[in-house]
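The chains carry the letters A, B, C and D, assigned in the order they are written, with residues numbered from 1 in each.
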Amino acid sequence: MWIELLGWLGQPDYWVAVLRIATPLIFGTLGVLLCERAGVLNLGIEGIMVIGAFTGWLAVHAGAGLWTGVLIAALCGAAFGALHALLTVLLGLSQHVSGLGVTLLGISLSSYAYRLSFPQVSTPPTIVPFAPMDGLGIPVLAQQTPLTLLALLAVPLLAYLLQRTPLGLALRMVGESPASAEGQGLSVLGLRCGAVIAGSALMGVAGSFLTLSAFNAFYFNMVNGRGWICVALVVFAGWRPGKALLGALLFAFCDTLQLRLQQGGHAAVPYQVYLMLPYLLSILALVVMARRAQYPQALMQPYRRGER
Amino acid sequence: ADAIKVAAIYTVPVEQQWVSRIHKALKAAEGRGEITYVFSESVGNADYERVMRQYAEQGVQLIVGEAFAVEAAARKVAKDYPQTAFLLGSSGKPQAPNFSVFDNYIQEPSYLTGMIAGGMTKSNVIGLVGGFPIPEVNRLMQAFMAGAREVNPQVKFKVSFIGSWFDPPKAKEAALAQIDQGADVLYAERFGVSDAAKERGKLAIGNVIDTQEQYPKTVVASALWFMEPTIARALYQIELGRFKAEDYGQYSMMKYLGSDLAPLGTFADKVPAELQEKVRIKRAAIFDGGFVVPVIDTEPKSTP
Amino acid sequence: MRLEAREQTSAGWALAAPLLAVALTLLACAGLLVWAGAPVGRAYALLFDGAFGSRLALTETLTRATPLILTGLAVAVAFRARLYNIGAEGQLYLGALAAVAVGGLHGGSGWDLPPAVLYPLMLLAGMAAGAALLLGPAWLKLRFGVDEVVTTLLLNFIALLLVSMLLDGVMKDPLAMGWPQSVAIRDELVFAQLLERSRVHSGLLWALGAALALWALERYTRFGLAMRAVGANARAARFAGLPVKRVMLATAALSGALAGLAGVGEVAGRAGYVTLDMSPGYGYSGIVIAMLAQLHPLGVVLAALFVAGTLVGADSMSRALGVPSYLADVIVAVSLLAMLVTGLAARYRLRWS
Amino acid sequence: MTATGAPVLRLRGIGKRFGPVIANADISLELARGEVLALLGENGAGKSTLVSILFGHYRADSGSIEAFGQPLPPGDPAAALAAGIGMVHQHFTLADNLTVLENILIGTEPLWQPFSRRRAALARIHDTAARFGLAVDPAARVARLSVGEKQRVEILKALYRGARVLILDEPTAVLTPQESSALFATLKELVAEGLSIIFISHKLDEVLAVSDRVAVLRGGRLVAERAVAETSKAELATLMVGREVKLPQRALSVPGPLRLRLRGVRVDGHGAQPRLDGVDLEVHGGEIVAIAGVSGNGQAALAELLCGLCAASAGRVELDGRPLPADPAALLALGVGRIPEDRTGIGTIGDLPVWQNAILERWRSPRFSRWGLLRRGAARAFTQQLVAAGDVRLGSIEQPARGLSGGNLQKLVLGRALDGEPGLIIAQQPSWGLDIGAVAAVHERLLAARARGAALLLISEDLDEVFALADRIAVMSHGQLGPARPGAEWTLASLGLAMAGARHDAA
């Protein structure tokens, strides 16, 4: 079995699969990270990803280009993010509940809209998804679609934004100490809303990857818990984009391995054990990392001016 | 006669292969004016009984659906509403007076598609991706594997279950993993598998529905299920006022035209003639009772 | 425009807020009905009718509310001690599984005990299983500082996979034709039906009893005080000599037990056996309900009835009108968000400046 | 330091209400260039509110503000910053997880600039720091700074943005005398450069030493303005409180039996350096022993140890000859009363009603609970009594504790700790941030406890307090404790020197 395992790791195909499975997780995790760095927990991700998957696909199905589809997914994600921001940042309501509400709304609304738009289908309508970037010379990457490349580029970009630019500093500050940010003339509410909206746009893109790249049609339950994984990955990553990428890859690595172990005829172990693997590893990693992780100090704390 | 009031209750969206066949048959009956048809899709386990009761209370004459996971509750409802006819997918026995059962007994065409797969594979590795290892899935996979072995004793199988009825990206991922390990023909029990085959230029075998139109260069053959004979029989019985508890399972078999091998279509020229001939003979044997495809419900395993 | 805290919460608004929320929801969802070509007025009449308008409707609402009350309480008590239990869903499943393990027919415990002994044993086992699943994350939080939001969330997936594994394995009902479902509860242990020809079962009484008991616990006992103290400021509680860790763990056990009890109720009162899709997200809805009730145990009962009624009513309405039934979930989601917003009116007033 | 030219700030008729509370009423004030104005007033008089309005945190209900001749838009901190007003808050507004540089840089660059000019910023910070004697390490994480260093960062933050008017809300409440004098030196430099300063403090000596002019608030109104040269400590105290303040007198006391005894006590820290090392200490009944020292030298560890929050890794801690348990509940059972430094974070639970806070330390006692049930009646009656005896001013004992002002909260904590006549009392900074009326009340109660024979350990950085209360004084430095010598053997200078020595070692 170990020899077999080494054999898989030697195959580029294995790594192609890892990267493909990781892509939506990368987008989603960066989205959650951005929100949480600014102090807002966004449990709406699961629903926002569904919205992104649906609207992006619908746009392409209606004749728009693939990139337009991605853009529309981002915009619709942003719109739901704006709703979450309105409730949690501007009105200071519970971030847990608002997030779950947004998830519920996102999922049910896309299901409703899908069924009204396609009442009579027997097989789900398909689109032509993104093609792999064959032209690219790099081995594993050449078999990915441009969205994966975008995800990989987004990681250093977000890291740079957060660590090296005034905007990033301001975002981190509203997540650490909103009172100081305001004391320096920054708009806490504006920054937080912006972060939630932008983060949600990323979540929308994460969803659109599922319908426009990983697959070519929209299904109910398409996202299937991937959003929650992203929430866990952010903690795992200690709120750092680089480690978030690492976490997403690790998770995808386990998933890929699991798919292969199942088929290897190692049937002595129930397949559910393999499926549990990534979750168990995540918890284990959390235990190992917990002591070192630095929470954004103001995470989940609403900010109202002049209140104590 | 007045149109018969029919309601269907599905636990998944109507796109799902299995359910889509029932939906299609009922839609057709509605189109012919034989019935009025309403349905509820994606009805969860916890809600299933309630929806049944609501339809029964509304005076629906025939309720069609899937009792599999709600067996006990469904049977309770049927007892409470003896005037209503129930025709439900179930692995259990009928229950007098009004609870009839059906199931997709399409192991026969599955066997035939298995033969085609066994003949078409070059790598001698065939991949199978399923949802859960339940009898409805197992027996089709087992028949498929038996068929493949008949024409190609060397063939090896890779089997995986994705632990969900509905996660096409995941099914696709599982199929890709099988292709990475050498499979060149895939048994597409779930949505998503054919997409993997198409993307990698491999072959796929369809199940329940014919998707060759979407994958003209990928889907070689499919085992089709037709719900029409079952529905027609039930409606006929209701018309005559003598609907009773029966096992409708046989109406899904080939001899009742409840299932069949899909036309090879785009692959008519690509499947070797001698293989086609073998399949044709086997099909005839099934029709005249000369060959019986065994029903094996145990979970299929990968070849070690 | 800005919000200004009221000196006292306005009782008038506290009562008017839910009504306003409902009105807002109906207004917002009218557009969706029009899109589907359904008559809006009739739709809403049907919704109400489907939730409370008939014996069937009413009993179905109560049936649906039963597990929601319990998961709502589970979340409310945990959140009170600032233990963010997002894992009621998994705890519910484990509770259900444990109930079957003790009270299951052929292949269950196989213990030859009288029902009078098995019945409480079944309840206890379910609660213990739920409690155990939350004690893990609570312990990790206390010992290593691991964020429990994430661990409990992840444990939902693990619990469900575990259930799936057991339903494929040792707990599989040999008579279920290979379907992944557990053996059934023994007939003597099935919860009593409260009303003829309905699904309302004695689990509802357990749920209401639990709500009352929890209310009394929080208000009248010193453990309730300790729980709130630990939740509000653990450092200060420790300084004052409260056994913070023990209180945390006890709260976790209580919360998990309530969610586990919800699972027992679903098995013994409604389904009879465990399946993989036994719960349509009762655990997650519990969070929504607890927050709607502002963590008040008696409020949880009302919130659960509201959510259950909306779901049952909207579902039946969508069926009657041929509108996609996903509308029911949309209405619940919108009313949740509307309820959150209008709930502010009792505590804040709008100021224009 | 004399004021010259047109006023840099002009406040006209400022009024502000919080619900029923009138925080500010019709306040008009002017601030001249190069002037230091002290704002005085009891707790809750409205000082913080006034400066918060000035800085734009709050929007006044009435009145207007002019800065450098231009009207200042209300409720907009950005505008205040732009107008050259800088503020150091009563409670620090720094992000612990970020570096000093980041805390200073925040908000100073255009938000959408795609890069940050850190090198130039560093140079400017060094410049400013050198000019005003505000040494800090820009790369350090704020969480690791001492209170004094944080204070300097706050001031640097304001200066970096080019503040011409600096507002300091109780800047010295948290500082040691050394840090305070360093701060005053800095303020002098600032004024010399032409900056104007508004400065809030409860310490009248300090006010008289540093400021040019004093404005006294009472109940939200401006009741008096005085030039420093023309007033006295006594007059100011009377103006603030509205009546004469009598400071409690320390009577002689005869030390009783030995109660608390520490021998070679060591408490480990996170790093290699122990937090406490070889500490010997004895406290007798009927005496007050004070531990003075610069914050960060181990007082916190000593307090934690004696409050039952941590255990000694070596040595012996004995109460009446028996080992002292490392568990708050057990300590309480032995009759140890504890007054924590941080009354909002550790002393009380803001979300709970006052009466529940009052009984929190005795939640298991049969007096307040029976068979697990709370005896609410008894608890409320007890609280009423506590409130009345301690002169705690509040609306109702049902209100959440967070609504109480700091002084009243402290009186509540004090009452709770002294209830049941504890034999040993650990008091940390008991009068921190309190006005002189409240300070007097707190000191009176501590002295009363001493008079009835309790042993008191006072851990304080406020040397006035130390001299006012202590029978014997020991200085803590570097985790080590010097000998406790009678108060009369110390002078302010010698004590300061001992503490400064500690600082030298540390540096």
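We take it that contacts are C-beta pairs under 8 Å (C-beta built on N, C-alpha and C of every residue); 3 or more make two chains touch, one makes a residue touch a chain.
This structure is a prediction, so every number in the text was calculated from the model and none was measured.
Minimum number of contact steps separating chain B from chain D: 2. Looking at chain A and chain D, the chains in contact with each of them are C.
Summarising the inter-chain layout, the chain whose CA centre lies farthest from the centre of chain A is D.
Top-ranked chain pair, ordered by C-beta pairs in contact, is A-C. Centre-to-centre separation of chain A and chain C, using mean CA positions: 27 Å. Centre to centre, using the average C-alpha position, chain C and chain D are separated by 46 Å.
As a whole-number value, the distance joining the C-alpha centres of chain B and chain C reads 36 Å.
Across the assembly, chain B contributes 42, 163 as residues in contact with two or more other chains.
Annotation for chain C: residues touching 2 or more other chains are 5, 161, 164, 168, 326. With touch defined as above, chain D holds no residue shared between interfaces to two or more other chains. All chain pairs that touch, listed by label, are A-B, A-C, A-D, B-C, C-D. Those residues of chain C that touch chain D in the shared complex are 5, 7, 220-226, 228-229, 232-233, 235-243, 353.
Of all residues in chain A, those touching chain D in their complex are 164-167, 169-170, 172-173, 176-177, 179-186, 294, 296-297, 305-306, 308.
The touching residues of chain B, when paired with chain A in their complex, are 13-15, 20, 23-24, 42, 127, 158-161, 163-164, 166-170, 172-174, 176-178, 180-181, 191-192, 195, 209, 211, 214, 301-304.
Those residues of chain D that touch chain C in the complex are listed here as 19-20, 59, 307-309, 327-329, 331-332, 338, 340, 345-352, 356, 360-361, 363-364, 368-369, 372-374, 376.
Chain C makes touch with chain B in their complex at residues 56, 60, 63-64, 161, 164, 168, 176-181, 184, 197, 199, 266, 270-273, 275-280, 312, 315-316, 319, 322, 325-326.
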